[in-house]
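Labels for the chains are A, B, C and D, by order of writing; each one numbers its residues from 1.
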Amino acid sequence: MIEVTIQLLGFIAAAALVVIGIAGMLFLDNLIKKIIAFTLLSDGVNLLLVALGYVEGGVVPILIPGMSVSEFAARAALVFPVGIVLTNIVIGVSTTAILVALAIMLYRRYGTLKASKVLKGERR
Amino acid sequence: MVSVETLFDKVKKWISSFVVGRGYTNMMTGYMTGELQSLVFALILASFFRIFSIPLGMILLVAVIAGIFYFAPIITTLEKENSNDLNRVLFWVVIYFAVIIAVTLWGR
Amino acid sequence: MSAYPSNLWSIPLLVVIPILVAVVVNLIYNRARLIKVISLASAICLALITLFSSYGYHWFTGQPALRPETLTFTFDPGLPAWRLALEFYFGPLQQAMIFIMSLILIFVVAVATSGLTKRQGPYMGMIFLLYASAAIIIMVNDFYHLWIAVEIGSLVVAGVVVGSGTSVSHKAALKYTFFSALSGAGLAIALALILGLTGYPNISDAIMYIQSVNLGEMSIILYVAFGFFVLSWIYAGGLAPIHPLKSEVYGASFPHGTAMLQTQSKLMLVAIGIVMLRVFGNLPFVREVMLAISVITMMLGVVMALIQTDFRWILAYLIVSHSGLVTVGISLGTTEGLVGGIFQAINDVIYMTVLLLCCEALYYFGGKTSTRHSLGLAKKAPWLGVAIILGTMAASGIPPFNGFQSEIILIQASLKAGLPEVAAVILMVSVTTFIALFRAIYRLFLKPPETSEPIVEAKVPMVLHVGLWVLVAITLIIGIYPNIVVSFITPVAEAVSLPWYL
Amino acid sequence: MIELSSSFIVMAYVMVVAITVGAVAALLQKDLLRAAFISGAESIALAFFFQALLAPDLGLTQAIVGTVLLPGIIILGIFKTRRTEED
């Protein structure tokens, strides 16, 4: 029996989000729904990265007065995933904005949001 | 009356069956070349398997030749599978990723 | 290298100047003359910086990669982890690649500002951001910048494609951007896994750690990281399963935009491929996987190019197929293979730009690029016919041109590596390239026109002529004296291919 | 130091359920506006999870971005196109 830690729960939630996101992007037909699935996918990746940086029994990586540096170094959660995730959140927002803008443009052209009509494969 | 069909007529019919209904026979050269190319490419890819094991590679080569005869105009299948449909590409990417992970982990 | 390595100031300019230009040009939006002056001047400035900059490092935080007293990398098990040496490295290879990219940027900017596009400001900004992202990926020596630049690059590709303003381009951009979720997230996970395994964001440090410490069971993590890395590699370069989307991107944008896009993606393929070789090259099956992907890409691209009916789409699929040619050399992993692959990338970028500029010139003759029409252009514009045939000869590897030199290196490398099948595939690709291109050229140029209606003829701008002939001259010069470029590549290829020759 | 792990793990259990249910519920809505709001609610659960995983600064960022910015962009898109999913 594996001991259930917060990290394990994080991995489970991240896996669930990634699977739901990919399934949504694959099987849903509405463009806006696809975009929402995309945000769920990037949320899942963020959660995975943060869970990788978790230290069991650790502290938030902020050096508070009264804490020795060696204790801090031994117990603090990793900070580099936090940097990556912060960037990833920003990138996710900008990508979503671009996707929504393109969806609006395609809606104006075709009058529908159905991906099976707008994005269908075509011969050239 | 029995019509006389030479071998040339048969080959011509077989070739032009690729492009029936397209109304643009100028593409025929392209489709023919593409068909031959993809045939040879499939054989070469099959013979690549000799790197891993030679007997298995020979079996694979025979299987590919049989498959080529079964799926006769490969180029149309290839064209369909190369469609730029989003979901189809997504599907292929997921499969690809699984294969890469499986192969590298197996090779370990 | 006796002195402590100094922080080079000239390298970040290659990234800072394009970003600044993108901002400024975006602000002045629609004043064509001013935009032309600013963007041309800065493109020339970038080319001059790459020519005259000295080699070295620029590090943003932490410490430099080289220690002066021992001349080793920063890896030192005694020091605590999290050193955060985020750095750029500018060497001969980087100089050659960025200089070629700057050269093409000059021509692309000159052509783009002399007609065709409205709303020039944002479009120019996108092209400069494309340059910046490619420059970062070429120079980078840490995973963090690599990931951010790949993300920026994928978003900017969508921007450049949308610039052509057709509904096909909107669709292509939307599809391509959806995939940035998979590839960008995959690269982020790969970065986090390697970081968790080694503790170093710097690529050199991570490699030193992987080679010197026995990872044991933890090496499974490296394989998963490799899988995610491959995902972003195929996304960035448009290799096999993503090639329908990438070729749609190439075909849907303006031809000069495509010239910049293919430059970026081929140089990205080289840069990320070298990183993958350095980090994962010693693992079994890694180079086989990369080789399989590139062979399949070559074959699918060239076969799909044969059955297209539009000159733009033929070029788009040929670009994809020739990206496979580039990665074959890199995934062989030998010195000759690396030299051939990188040389092929540089040559490829040049001759494909020649063909794309010819395609751009077709727009001034009524804009019909479909091979369904026979235009008889050879009589109207003999110079264009000559240029396009020279470009075709370069692309299909006919001796006096540069394509021949790199392809023969690639063929020799694959024969030497014991893979004659790869050599056969390369030969077939170059022959089929010729067939695919010449079918279109025959219909568009040589066949007498079917209809008697006269072709609309606009004045082709002077910069297009100049760019075309300068690039053709470069293909000839490199074809006759290949050592001009090869001498830049060889030391790097020897250094990268070292680990499995020891 | 205050040991928060024992209380955090209960919160984490709740949040795993909330995130999964929220994600599925957002994708099953016929009304796109409601889907956007539910994905915002899922982001709040995610922000609390970040808090439990010792990254409070990320929790703050995710709370702002995930509940205001992202649904805002998507709602803007919905108003420019259409609110319900067509058959």
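Just so we're on the same page, a residue touches a chain if its C-beta (ideal position, glycine included) is under 8 Å from a C-beta of that chain, and two chains touch if they have at least 3 such contacts.
All values reported here derive from a predicted model rather than from experimental measurement.
Engineer: Could you let me know which interface, A-B or A-D, is made of more C-beta pairs in contact?
Structural biologist: A-D
Engineer: Centroid of subunit A to centroid of subunit B, CA atoms only: how many Å?
Structural biologist: That pair's centroid distance is 39 Å.
Engineer: Compute the distance, rounded to whole Å, between the mean C-alpha positions of subunit B and subunit D.
Structural biologist: 46
Engineer: Taking each chain's centre as the mean position of its Cα atoms, how many Å separate subunit A from subunit D?
Structural biologist: 11
Engineer: Provide the list of subunit B residues touching at least two other chains, using ranges where the numbers run on.
Structural biologist: 79, 83-84, 86, 90
Engineer: By the touch rule stated above, which residues of subunit C touch at least two different other chains?
Structural biologist: Residues 175, 178, 182, 244, 308-309.
Engineer: Can you name every pair of chains that touch?
Structural biologist: A-B, A-C, A-D, B-C
Engineer: Which residues of subunit C touch subunit A once you look at their complex with the stated criterion?
Structural biologist: 80, 82, 84, 144, 147-148, 151, 155, 158-159, 162, 167, 170-171, 173-175, 177-178, 180-182, 184-185, 188-189, 191-193, 195-196, 201, 244, 251, 308-310, 313
Engineer: Which residues of subunit B touch subunit C in the complex?
Structural biologist: Those residues of subunit B that touch subunit C are 24, 26-27, 29-31, 33-34, 37-38, 40-41, 44-45, 47-48, 51, 75, 78-79, 82-84, 86, 89-90, 92-93, 95-97, 100-101, 103-108.
Engineer: Per the contact definition, I'd like the list of subunit B residues that touch subunit A in the complex.
Structural biologist: 79, 83-88, 90-91, 94
Engineer: Help me check something: in the complex, which residues belonging to subunit C touch subunit B?
Structural biologist: 172, 175, 178-179, 182, 219-220, 223-224, 226-227, 230-231, 234, 240-245, 247-248, 283-286, 288-289, 292, 295-296, 299-300, 302-304, 306-309, 371-372, 421, 424-425, 428, 432, 435-436, 439, 443
Engineer: Which bits of subunit A are touching subunit D when the two form their complex?
Structural biologist: 4-7, 9-10, 12-13, 16-17, 20-21, 24, 28-30, 32-33, 35-37, 39-40, 43, 46-47, 50-51, 53-61, 67, 77, 81-82, 85-86, 89-90, 92-93, 96-97, 100-101, 103-104, 107, 112-114
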